[in-house]
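Consider the two complexes below, in which chain A is the common component and chain B and chain C are the respective partners.
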Partner chain A sequence: MTNKEYSNLVKKHTPKVNHIKSMSLAFFVGGFIGLAGQFLIDFYVKILNVSISNASTYMIVTLIFISSLFTALGFFDKIIEKVRCGIIIPITGFAHAMTSAALEYRKEGFVLGLGSNIFKLTGSVILYGVISAYIFGLIRLFVIGA
Partner chain B sequence: MTIKYDNVYVEGTSTVAGIMESEGPISKYFDKTYDDYYMGEKSFEQGEIKMICDSVNILLKKCNLAKEDIDLFISGDLINQITPSSYAANKLQINYLGVYGACSTSVLSIAVASSFLQNKNINRCICNVSANNSAAERQYRNPTEYGTPKPDTSTFTATGSASILLSNNKSNLKIESVTIGKVMDYGVKDVYNMGAAMAPSASYTINKHLKDLKRSIDYYDLVLTGDLGKYGKEILKDLLYEEHKIKLKNYEDCGCLLYDLNKQDVKAGASGPTSSALVTYSYIFDEMKKGKYKRILLVATGALMSPVMMNQKLTIPSISHAVSVEVL
Partner chain C sequence: MIYFNSFVFCGFVCLIGQLILDNTKLTPGHVTTLFVILGAFLDSFGIYDLIIDIFGGGALVPITSFGHSLVHGALLSGINSGVMGLVVGMFSLTSAGIISAIIIAFFFSLIFEPKN
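Showing the complex of A and B:
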């Protein structure tokens, strides 16, 4: 049997993924987190009298804290299994990736374990995040002006 | 390559298993279960060493033997440089051979031991396999607490350790023959579809075994594969028929027997060297002793990949070894 024929046989026995369902789930869960973020900002601005720019920072810190706490308590991965990418794409996913790596490698010590592995999953996000910030910054500079 | 044996017998077996396995349908056949992935130790890897030692000690106790009665300890697992096996061997202080065949290690160790026993180089040998889901998960995939949505074809590394004591002393279970497989690669790259990657080698080994011994598939009351899972099982059935015109009837996959696939969240089923060993050494051997099966063929399927090779975009080669066990 050739590799091509075999790949057709495998395809026959592989369950189809419902992309529409996954995408709409991600859309609504992601949207809900955005909504929760907006509520948090309003809460900080209206109830605690914080400035809007500070309030968004506080909102991010709150979401990071909640997802890190849930990761450490051991059930954030179970939430992800249910609601999928909707919760991975926002800042909650980033915090979860860092906390889970930190928890995992703590056993190998603070320097060689935790220190050198905490960015294991998020290193690429930071690297390419910074690079794309530069690229878009340059585009903005040349198109719109400083 | 098929080798026949006439003086290799199963003197005893022992199985210890993790939390998910203890919630599965065959949990009552295990000698001991643990309620977390640490087994009372500091890390997952150290927990695995504990499981190997426990499994061997339980086996010795069940057979009324001391360490000194065992000539050789053959063991393998999934962790880099098979360290859990080697560290356990250091604790056990029995002459040791470490072997690696990924998920095919269970039958690989039986093949090595049987040849020593057949030649009367040794009299008793313990073959062990082990895996800890969390230790394997962090090595092959992501940190254990990191959640990623996995496709339905992915499998779940079974936690536990299983030992089998083989000897020249006659018992009611006989290792009749072993077929050593070839590495096969049909171009599968998807690490979340190991069943598809391993089915070609299972197909090769089953056909080779039957041809070498001039047997038909009906000779066996049960054909078992190690860890092809729900979907890999169907692929193997089609592949065996298309390639060799062999129709699998009395066929099961250990990966589908270890868990309740409808209730437990393990996707396509169990995987790892423990999948075949935990199911066969406990539940299947028990059924054989009760008289349900007289002759079985266990085909342990192994995917010989590593995260490094996968990141370099290589395909997944696989190997399967088969052992035929008969009730006397």
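Showing the complex of A and C:
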């Protein structure tokens, strides 16, 4: 089989994605989560009389709690399969990745299972976030000036 | 108006992510990592603060805001105490998100059983 035949075969069996549908689904679900974020900030400012920066911290924690709970109850995976980036890109995807890793590896033990695998999916976000923040911070401090 | 802006901005970021996911061979892990680096890049030139002023909570929800608050916390203490300040302050603004995700994930894994 030549390379060309093989790539034709791969193309034939790759599932076709409906781009318009998947993109609009991501847009509306992601937008709705953003809307919920702003709503929660206003809600906490009004109810608890805290500053906006504190209220946004509470908002992040609330979203993390909700998405971890839905992941633990088991129906979040099905939603993510359909919506994909609409839920993966907001902070809900971060919480989902961490909770699903924790749930999956707990049965292999608390230290070697849960302990060493809880960051399996979110580790790259934290690692490259820290590295890039360090490099950009150095550039900002010494090249551009604070 | 701020609600509409939040909706549009967060939706737009997710749409770009979905565009990358559909048209390349990158996995969701690659896309989220890319967006964190993008958020850190935008904040190091002060652009992300403008975005938050305009779009409100919609700009705080996507994972780009994680990169933004890493750089923001690092710079806030870095301005006062130099290179060591970068290291000390980096997690000062994001710790709430990371710590609560760890604690919640740990206790939920004790309480619930995996479904599949």
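Assume the second predicted complex is superposed on the first by the 135 of 146 C-alpha atoms of A that agree within 3 Å, B and C clash if a C-alpha of one lies under 4 Å from a C-alpha of the other, contacts with A are read in each partner's own complex, and residues count from 1 in each chain.
Throughout what follows, a contact is a pair of C-beta atoms (placed from the backbone, for glycine too) under 8 Å apart; a residue touches a chain by one contact, two chains touch by 3 or more.
Just so we're clear, the structure is a prediction, and the values are computed from it rather than from any experiment.
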Look at where chain B and chain C land on chain A after superposing the complexes, then choose clash or fit. fit
May I ask you to decide whether A:77 touches chain B, chain C, both, or neither, giving the answer as first, second, both or neither? both
Looking at the overlay, what does A:3 touch: chain B (first), chain C (second), both, or neither? first
Output check: A:46 vs chain B and chain C. Expected answer is one of first, second, both, neither. What do you get? neither
Please indicate which partner A:37 is in contact with in the superposed arrangement: first for chain B, second for chain C, both, or neither. second
Chain B versus chain C as contact partner of A:21, first or second or both or neither: neither
Of chain B and chain C, which one touches more residues of chain A? C
Could you say whether A:61 touches chain B, chain C, both of them, or neither, answering first, second, both or neither? second
Output check: A:85 vs chain B and chain C. Expected answer is one of first, second, both, neither. What do you get? both
Which superposed partner A:13 touches (first chain B, second chain C, both, neither): first
First (chain B), second (chain C), both or neither touched by A:104: both
Nearest-approach distance, in Å, of chain C Cα atoms to those of chain B in the combined model: 5
Shared chain A surface residues [contacts with chain B and with chain C]: 17, 22, 71-72, 74, 77, 84-85, 88, 99-101, 103-104, 107, 121
The answer for chain A against chain C in the complex is residues 17, 19, 22-23, 25-41, 56-57, 59-61, 63-65, 68-69, 71-74, 77, 84-86, 88-91, 93-95, 98-104, 106-107, 114, 118, 121-122, 124-126, 128-130, 132-134, 136-141, 144, 146
Per the contact definition, I'd like the list of chain B residues that touch chain A in the complex. 42-43, 138, 142-153, 186-188, 193, 196, 200, 231, 234-235, 238-239, 242-243, 265
In their shared complex, chain B is touched by residues of chain A numbered 1, 3, 6-7, 9-10, 12-15, 17, 22, 71-72, 74, 76-81, 84-85, 88, 96-97, 99-101, 103-105, 107, 120-121
For the complex, give me every residue of chain C touching chain A. 2-3, 6-15, 17-19, 21-22, 28-29, 31-33, 35-37, 40-41, 43-45, 55-63, 65-67, 70-71, 74-75, 78-79, 82-83, 86-87, 90, 96-98, 100-102, 104-106, 108-116
